[in-house]
Amino acid sequence: MKSKTEQINNSEPVVAVDIGGLILKNPVMTASGTFGYGKEYAPYIDLNRLGALIVKGLSLEPRKGNPPPRIMETPCGMLNAIGMENVGVRAFIDEKLPFLRPFDVAIIANIFGETIDEYKKIAAILSAAEGVHGLEINISCPNVKKGGIAFGAHPDTAYEVTGGVKSLTDLPVIVKLTPNAGDIAEIAESVEAAGADAVSLINTLTGMSVDVEQRVPHLKNITGGLSGPAIRPIALSMVWEVVKRVSIPVIGVGGIMDANDVLEFLIVGARAVQIGTASFINPRATLDILEGIDNYLKRHHITDINDLIGTLRDGCPTS
Amino acid sequence: MKSKTEQINNSEPVVAVDIGGLILKNPVMTASGTFGYGKEYAPYIDLNRLGALIVKGLSLEPRKGNPPPRIMETPCGMLNAIGMENVGVRAFIDEKLPFLRPFDVAIIANIFGETIDEYKKIAAILSAAEGVHGLEINISCPNVKKGGIAFGAHPDTAYEVTGGVKSLTDLPVIVKLTPNAGDIAEIAESVEAAGADAVSLINTLTGMSVDVEQRVPHLKNITGGLSGPAIRPIALSMVWEVVKRVSIPVIGVGGIMDANDVLEFLIVGARAVQIGTASFINPRATLDILEGIDNYLKRHHITDINDLIGTLRDGCPTS
Amino acid sequence: MSDVMSLLVGQIVQNRELVPRYFFLMSVKLPESLATPLPGQFVMVRVRDRRDLLLGRPFSIYAFARDKTAPVIELLYRTTGRGTIALSRLKSGEYLEILGPLGHGFDIFPEMKKIVLLAGGIGVVPLSFLASHYRKLPINDRLRIIAYLGAKSADHIVGMDRLQETCTDVKISTDDGSSGYHGFVTELLADDMESYLHGDSVIYACGPPAMMKRLAKLLGDRPISCQVSVEERMACGVGACLGCAIHVKAVGDKTRYRRACQDGPIFDIREIIWN
Amino acid sequence: MSDVMSLLVGQIVQNRELVPRYFFLMSVKLPESLATPLPGQFVMVRVRDRRDLLLGRPFSIYAFARDKTAPVIELLYRTTGRGTIALSRLKSGEYLEILGPLGHGFDIFPEMKKIVLLAGGIGVVPLSFLASHYRKLPINDRLRIIAYLGAKSADHIVGMDRLQETCTDVKISTDDGSSGYHGFVTELLADDMESYLHGDSVIYACGPPAMMKRLAKLLGDRPISCQVSVEERMACGVGACLGCAIHVKAVGDKTRYRRACQDGPIFDIREIIWN
């Protein structure tokens, strides 16, 4: 027995996961908007070691973004209202993608539009580009044609965007869900029906903070998106709701700071995770997390991470 | 000029507010479920100094509550799944209310039921009791007749409960809104139309946390309600949304720890606030907050707190 | 207002590592307004300004003294998570927020001749305070205090020194046999049980749930009373949040929940439903 | 892997109150792998284990030395909110998380004869480091460094001692006239402006937005270049989050945002749109 244990301890556990046909080396991705276009963090970590690299959200045309202040710290969290600043999909392909191509890492482009047509155009452009391995559709953005309510707020619009993008690409399509909708699991079911290969959740929660001395919002945009450890319990419970309702892979996002947090998501049923705000605090967060996961798997004699996913037991901790 | 400033500095600012006809000494209430039946905190603070005291949620019959563990700490927050344990409305009147009657403080009973009929019965019983000054309806509870979806999740069920209670009581009725609904402002409009005298928000957000060593949820109930500073930015932005849509008073709840936090809610437009989790951390939190508000009003030469409410300016902080 | 209870600011006098990265002994100086704690009572402890460690952590009182300058309480704690690790890093001179003493203490039976203490690991804390309390009673002369102290292994035994000062006898057991009896501390007690069933003894216990459950089984309905100090997660510590539910027997076949903080943390072992 | 940058753990050597509850001087010992910082560069500083103070706080580097044992950086900071107050409470021996040096430093013009520094309050920090950098250049002999230092009042003047060591002349202004010139520091500079317009001078400035705006107006299109260090809230410090947007002029009439962290924090004053 002892020699077997030792053997397990010495061999590296399998950590590869399958996200709708896209095989990732490991389940740790960077969250869109928190890792720039990849290059910004290249001096800090070996990008080859990531499960996937998701870039800043791309629109059809370049966007200038919101006036500052754009961010504010809150208890165990932060608000941001970047306003979707990005170089636009074409400049991304011409100026940013060449840097990323040599890396042996799955590159996933996060995209958003104001109309379904825009989403489709961006998807088509990216599908024709070499070196993009998947698309993540951000449906938290306001649908200008439907009175500015987010695509992700209603099952029907979420269905339409997903179907529209799927019809134009062969790349695996992840749909990123917003927590600011009523029943997130309902939206998840709807995008699954529309052909989504996976869902990722959660995007930021709408939040606000005020400078009481000057009686002005801390953000010029008044409200912003809340991220960071503060939202982790909410993200985890939403992932738990969604895994019970869909059969496509679910990617957990929200407030993950360390390996322990990742394990919570995996145990609840997430197939992979995204690390957002944590990279700001520690550029090496993703890799530190990978090491932590590895230690855990070895300590628990789990030889394949897929055997851990969705293994939440009933009952309560015994101490 | 100087003498006038001094005069203002020396006289006590007016802090009384009007919540649907109920005049509160000051805008600081205790949040339901976080202050017991009042007696628990009587050794720590002079209850007479509170704006209002909202007691633990009451049901028609006594409720045993959930099995433990019922609580867990999360980053800058806590999860609870008390399971609505309470003595029941009749025992409240017989055993708890007599202790509270001698105090010169507005007593508000928080109530919940599984059917509209239950809400109405509780409201009728409390309205006949001496010493209850207002009702707060918790509509976050599952409606057993409609498949267990919370009354507060849909404008129509929220309307029905509110209307039902209003038809049976002359007491001011506050409807407490849940953040786990899609569009909280829509629900607010609906309960306003049904005759609510005020709305309070937010109740806790659904959250979860997992013990990764044992792979079990930290709460026996699996999910629980998230409260504490972590949720403050979310609560504040929801209050901001709601004040723009209704004309009845809005009561801000969620993550308030100190006077600064209260001022954020007032400036955004809340007429009053409720202090929840903060009382656990410091039993005197409500009174410390009152002192902080007083200092602020004096420092800013505001003679009546009502002149501060809803005075958020556009623009951004200058430094 | 001096009889109104409130959150106190305590200053750390000493915070010493007893067993490396495991057990720590802390003494905290508190304001005069601190009520004199009874054995079995606890305090909620918070690190100042740490909003991330939101809730107070409950700790039994290990010792209390009202020295010339101010009241001082001692805590003996084990580092298990973020809160206790943060505590263990604090240095003397730093400040804590302390609420308490809270809950009910152990019932004291001055008519008894033998006081039996059963401690599992860190469970020694309230029992050690209790032993010194009994020693200060006028009945001291005829009082035998016998302590049974269980630990994982020899290097995890904590609280021995004090017990040896106050107890007539201290018996040790370790799970791995590295010191004293090899096995569970309840088995050690079981061997002596007969001698405590003559109406002149009372048992006080504190330890992990598994130990408590064994003890409950061992006692059954033998004629001896037994009080235990229980642990459950707490938010308020004062009975308001209902977070710290303990499953107990009620009238007839019924069961109900009681609050570990306000209705406890001391209960009759036979009241509790161990699961 | 030694040329890979990473989050460093620094140990506080000293954390001294210069002006009570207002200005603090901290020196931090860092690992050998710290890249040599340039004047104008900054670091993101975090208190370890403080999840409530989630984001790093940006601070300009005040001084740098690579002593026998390890590199040491000095920070000079003002307590304004939760983060800086938490920093001010740390004692020597405690640990910090430090990311940096980040951003671009000031451009150095070795051909210039007069280096003009305009500092408002805590804005002295990067300028003081810059002055000592210029003094170490071989051109030192013919170099005049003139510092204009503005503060609220005499007791809020900070950084004087170092400037007096490195500068040819240090001119003071206070808003209340309690020391030096009575008025804004930009007015003090305005009086001397003519003497700097002969192509042999460069202005470096750092201070509150109001000062910067006045300076921009004062300079207009006079023939002198001016570099400023700007402040904006930051999350990542490395150019990834786009949180630290600075409004700048772009081609034609257009404007755009640049990142204070990665594209700055040093900018040409004429590039920035002050509002």
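A, B, C and D are the chain letters, set down in written order, and residue numbers restart from 1 in every chain.
Quick note on the criterion: contacts are C-beta pairs under 8 Å (C-beta built on N, C-alpha and C of every residue); 3 or more make two chains touch, one makes a residue touch a chain.
This is a predicted model, so every value here is computed, not measured.
K.L.:
Applying the touch definition from the top, give me the chains sitting in contact with each of chain C and chain D.
P.N.:
Chains touching both chain C and chain D: A, B.
K.L.:
From the centre of chain C, which other chain's Cα mean sits the farthest off?
P.N.:
Computed centres place D farthest from chain C.
K.L.:
Roughly how far is chain B from chain D, centre to centre by C-alpha average, rounded to an integer in Å?
P.N.:
Spacing between the chain centres: roughly 46 Å.
K.L.:
Can you work out the whole-Å distance between the CA centroids of chain A and chain B?
P.N.:
Here chain A and chain B have centroids separated by 34 Å.
K.L.:
Starting from the mean Cα coordinates of chain B and chain C, work out the distance between those two points in Å.
P.N.:
Each chain reduced to its C-alpha mean, chain B and chain C end up 36 Å apart.
K.L.:
Quick check: what residues of chain B touch more than one other chain, meaning two or more?
P.N.:
67-69, 75-77, 228-229, 318 - these are the residues of chain B that touch more than one other chain.
K.L.:
Which chain C residues reach two or more other chains?
P.N.:
51-52
K.L.:
What topology does the chain touch graph have (line, ring, star, complete, other)?
P.N.:
complete
K.L.:
Which residues of chain D touch chain A once you look at their complex with the stated criterion?
P.N.:
Listed in rising order, the residues are 4-7, 46, 51-56, 83, 97, 99, 232-247, 256-257, 262.
K.L.:
Which of the residues in chain B end up touching chain C in this complex?
P.N.:
Within the complex, chain B contacts chain C at residues 33-36, 40-41, 43-46, 56, 64-73, 75-78, 80, 82, 85, 228-229, 257, 277, 279-284.
K.L.:
Inside the complex, what are the residues of chain B that reach chain A?
P.N.:
67-69, 74-77, 79, 153, 181-183, 205-212, 214-220, 222-223, 226, 228-234, 236-238, 240, 255, 260, 263-264, 267-268, 296, 311-318
K.L.:
For the complex, give me every residue of chain B touching chain D.
P.N.:
Result: residues 75-76, 229, 318-319 of chain B touch chain D.
K.L.:
Show me the residue ranges of chain D that touch chain B in the complex, using the header's touch definition.
P.N.:
Residues of chain D touching chain B: 51-52, 208-209.
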